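Look for chain A in each of the two complexes below; its partner is chain B in the first and chain C in the second.
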Partner chain A sequence: MTSTTTDIGASGAGGLRSWLQRYPFLPALVIVIALLALNGIFSPNSLSFRSITGLFSTYMALIMLAIAQTYVVSAGDIDLSAGATLSLVNVAIVVLMERWGGGAGAVLLALALGVLIGLACGLVNGIVVTALRLQAIVATFATSIFFTGLALYVMPVAGTPAPAIFWRTYGGRLLGVPFVFYVLAALALLLFLLSRTRIVTELLAVGDDQQAAYQTGLPVVAVRIKGYLLCGLFSALAAFCLTGDTASGDPLVGGKMTLYSVAAVVLGGSALAGGWTTVVGSLLGALTIGLVNSLVFFIGTPSEWQNFVQGLAILFVLMAGVLAGRRARA
Partner chain B sequence: MSKLRLNGVSKAYGATLALRRGDLEIAAGEVHVLMGSNGSGKSTLCKIIAGSVRPDGGQLLINDKPVAISGPQAARAAGIGIFYQELSLASHRSVEENICLSALPRKAGLFIDRAVLKARAQRYIALFTDVAGEGFHAEALVGNLRADQRQLVEIMKALASEAPILIFDEPTSALDRAQVDRFFEILRGLKAQGRGIIFISHRMDEITAIGDRVTIIRDGETIDTLKLSETDPGTVIRLMVGGSSDMPAARSSAPAAVTGEAEAAISVRNLSGKGFRNVNFDVARGEILGLGGLHGQGQSALLRAIFGASPVASGELTIGGERYDAKSPRDAIRRGCAYVSGDRGRDGVISGRPIIENVTPIHYLRDRLMIARPSRLRDKAMPALEAMHTKFASLFHPINSLSGGNQQKVIIARWLIDRPDVLLLDDPTKGIDLQAKSDLFALIRQLAAEGLGILLYSSEDAELLGNANRILVFNGGSVTRELTGDDRTRYNLYQAAYEAA
Partner chain C sequence: MNFVAAFFKQPLVIALVLIVALLALGESLSPGFASADQILRLLIVASLLGIVAAGQNVVILGGREGIDLSVGGVVSLSAIIAGNVMNGADGGILPAVLACLVAGAFFGLLNGLGVTLLRIPPLVMTLGMLGVLQGLLVVIRNGIPSGRAAPGLSAFVTQPLVLGIPGIIWLWIAIGLFMALMLNRTVFGHRIYAIGSNEHAAYMAGVPVRLMRVGLFMISGMFAAIAGLCLLGYSGSSFANVGEQYMLSSIIAVVFGGTSLAGGKGGYTGTMAGALLLVILQGILTTVNIDESGRQMVFGATLLLLMLFYGRGKAMRA
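Let's turn to the complex of A and B:
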């Protein structure tokens, strides 16, 4: 499907398709709005400013992780260790903050180190997948176990609390605006800047057709490693948000988030095969998962059925989104 | 002084020697044509120059200085730009991004300078205004474009390299007349600037229109370089064919016609589909009909369509006198069609499974077999495999343990358990050794003698000449010539294949 001879469709297609091609996250946006509306119907309170703030602070970690995943998916790769990277950074910064006394300086230093750890995890993945030419899906599964092992070494049991200054800031307000919205604004700016860099275009070109990109003269290996570095960076940022939200360290917290991040990427309208991705879509995809979860709660699903209904709902949303996205591309 | 010189460059893929001894010399300000039949090594030679294939031996000189090209990036840095025959485009990126992809302009060291990118791309897009066709603009996604428009993007991309040495590997195959004319105008401009241009095409008229000199490659070896103004197409074709073109050996060794009034095994009337149009022929029982011509002129597409593996747009097919609509390979098999592809990995081999499972799937289908006893299956499989002289340790070894030739024999054997009426051979000897090839063709001739109608497409002309009773030469998707009797010579085959489409 990535060959250059793939017919994406006849030229001069209808207006809807060209819109979808320019803004591939549109179906995801419609789904998010629909889910918001449904949430509002079943629980009017869920649309209050307070609830929306809560939604963002809870799911900001998944948003970041989905964006992390998007960059590797752009190049046709995948990172099944993103969640484990998140766990590792989570426990590392909590332990470091605690060791260094929990002051503002300690927190900032720990965060800086957290970013480095995330980048290091990304580099390991990048080298394993591109230089050693192992299958991304298996290789990153292996590194995920490896990273989890490290996390368990750093913090064998969950529960060490993060310093109050850290989670109070994340959960608090600055100049009357919840801090999480500053995070969101900073993220938007970062994504905007990244979208104008060479690396994103190059990642997409590699994901489109790796052989063609190589023949074009792109440094394919370096580009893919950079994709994993971006993934590591955003996984670290995801860990910061998670730590702010849970206020504690947990060496296994990210494991189950990995596949949610992959699901969010697809829900957002990106193609897992690469070459066609949207970070805004991934953000919306993560929100979709959050909104589905809260909707399942609000409609009063008995607790033993919640997972079942969640799964069904995500499957349904996935179908709707993928069908719309396919129409845009096919 | 020469811009580019290749001395004795060679490349082997495993046991296959793609290029034995490539010599080439490009002067500044010339369009140098490379000619050779399918698989003669032209594309390999170009890819070696462009760095996307590493040579095993030989020397490459640019401006008389030896250079080592380690990859496409290095080639670009050394001043080489290339148009890839199979295109090197990112289908989800826009036209302008594709044109500039190899060197995206930057500002502030970090961001893409969209304004510069647009301006740069626009220069090359402007070269083809009026001829690019509807829907072609800078922001269009390449995947949304027509085949000819994509080819134009690849041309623009090669031009945008602004390299002193430019390689065009079949750049005109999908272009229309006006687009080719515009492209040639541009090439003449580049020539005047003193660039060195390598040009590959299979259309003789184009070659004489734009070329200055021609280098002929045969079986991976450079044969000769001639000035086009001092030669004629006949000489060039004779060189491509080899000195023996008029010798009896170059004539077909197969009998000219099938004896008697044999009934038609398969008839095709006005058949059209994706890649071929208006094809007509009858194959009598016992006849081997050869499909000739350059690679990808519709021969494979036709065979796959007959087998139901790709749709037929219009026309009529009859097998054994009965109308038959090729809907799926399943149908085709039930009606007695057999299809053997040279692309075993994709179309034939059930990878990793034992030989017996690879011999019997057709038998399962034709006999609607539900439960099978291995011992009874073995009795059916063994004669078929023995007929092919297949060498294998046991029926339960995985098929991957066999050589390419023996794998192909297993694939053919699967059709022999229940005799088909029509055998479709789609370049069946691709990548197999000589011994296996001669075994194969001995069997194919024997099958014909037993009354099968056989359609044989081969990219090796010798195989067609040696086995086919008649040869239909394909060019641009339709049959342009039928060679029968004493007309079946190598020279005629080449000439028909290289005629302007």
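Let's turn to the complex of A and C:
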């Protein structure tokens, strides 16, 4: 409703605004640093290298899922089946690894197939939402039910363990550095490479103004399908991290993670309406959720109150994220 | 010919045709599915969903990406509150109704204030509120027992009241009439469509847009609260997260009823048919003898198929 003025970098406040425009994840970064400091005050041990490693290995799956969600949100879409895709890939790779003997070759082959399954889920969503032109929220909810059914078919009850070589690698160290930091580095490289391609710009153009993007000659349907493919790919990567962390298969594990992935995207400073997103912010948003959860524990909240305080804290940072993001865009 | 085609493109007609088709399918798969008793049972389940969907419906009609993800949390909370206030005594029904309505209106008010004053997108605001409500449920559940439904309430939901039809179905019909009157015959109803189709124009025309939107979220909270109360009567006692299933299915019922998620277009009569359609589909899937995985796959695929009959988006044109 406010008029849009474009006076970038004129005064001091304008300087801050141009910073926010260039690095929209800054508010999320401030929140993460503040939460880290609070965690450190209430439990100094929580800032140890070991604890930080633990934080990343537990929340790497949510980080990946939040990034997955970011790509569809960029184009103004949403994917409520990301968690179900994660579940499906999780049970599929665990069953395949077990069936093929649990050796290194079996693990790699299963992971390759896992990526393909994630991409297939993304393709289904993309076709349903863009080619069939169904509304994203309800259509991806329907596909999530379908994917959950597939996951239940692959593994009817939770509990099949993943082979030791897989979770030992994920939870272990390589050349003295915890493996999860290699995952983080690889993720950073992947995100950097993606940011150099045209696809992210195209997604944002479609999300900003679909009609305008179409009229400038962008193949809008193809671009949005690519967004869903990226979402499927990162949901599969999220499943790998989750399997490394939990060391077992569970056909319903991802169901509750979908809404957290949406929350993480908003916490990071992206606009759910599309056209303005930041993957780094989503990574920080996922960490925010993890840090809020641990902080609520460290300040000694009685156990029955923990969920409530977590919910309240996340509601407040969600609001802060939306308000800060809007200030940056205004 | 054109008239006939237009007639069959109305969402309400589509839903009714699909309902009859599904009933016939159910009857052929398991004889007795479409018997009077079974249909009454389906109607009771559908009325619970339909009452939640009434609130969801007005929020969606109000536009600005209006959606209420917190309805499931309110349903669960209201079931617990009602169970504890009445605790098995008929005398406690009225206080329980009041307590539930206040709770539902309160959380609706919070949603509405977040959406209007802070301009948080409804999806985000109600998602955050859902987290708070789920936490609150854990707190309440640890402090007090889950409570029992009063016999009067159970009878209202499950036993025939007038003409052999349970009270809750009459309540649902009454809500349907109320919604139809409100949306089509009152200033308030017309203003809902006005802010849903063009918020700025409505504001210029003097519609108190913010007040309206807060009101819509409060209505949604109160309908969810009534549904929670009735759900307690249906199941006898409340259990963890009874309301969770209503979050997305209430949205699907609204969509199947022909209301556009973009707002400003649609109505409640279609939503009632949409809720019934959804419940019959689930009923068929529980009667046929397949395992859980197959049931979910068929359910998901059928939902997609049914969505193809409804408001598909426009193709891009230069």
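Of note:
Keep this in mind: the second predicted complex is superposed on the first by the 317 of 330 C-alpha atoms of A that agree within 3 Å, B and C clash if a C-alpha of one lies under 4 Å from a C-alpha of the other, contacts with A are read in each partner's own complex, and residues count from 1 in each chain.
Here is the rule we use: a residue touches a chain if its C-beta (ideal position, glycine included) is under 8 Å from a C-beta of that chain, and two chains touch if they have at least 3 such contacts.
Treat the numbers as computed from the prediction; the structure is a model and nothing was measured.
Judged by the touch definition given at the top, the superposed model places A:275 against chain B, while chain C stays out of reach. In the superposition on chain A, A:21 makes contact with chain B only, while chain C stays out of contact range. In the superposition on chain A, A:214 makes contact with both chain B and chain C.
Measured by the number of chain A residues touched, the leading partner among chain B and chain C is C.
Of the two partner chains, chain B is the only one touched by A:198; chain C is not. Residues 211, 214-215 of chain A contact both chain B in one complex and chain C in the other. Across the complex, chain C meets chain A through its residues 65, 67, 69, 114, 118-121, 123-125, 127-136, 138-139, 141-143, 200, 248, 251-252, 255, 261, 291-301, 303-304, 307-308, 311-316, 318. Within the complex formed with chain A, the residues of chain B that make contact are 50, 52, 71-73, 75-76, 82, 84, 86-93, 97, 101-104, 106, 110-112, 114, 134-136, 140-147, 150, 157. By the touch criterion given at the top, residues 1, 80, 128, 132-135, 137-139, 141-153, 156, 210-211, 214-215, 220-221, 259, 262-263, 266, 272-273, 304-312, 314-315, 318-319, 322-323, 326 of chain A touch chain C in their complex. The touching residues of chain A, counted against chain B in their complex, run 2-13, 21, 193, 196-198, 201-202, 204-205, 208-209, 211-219, 275-276.
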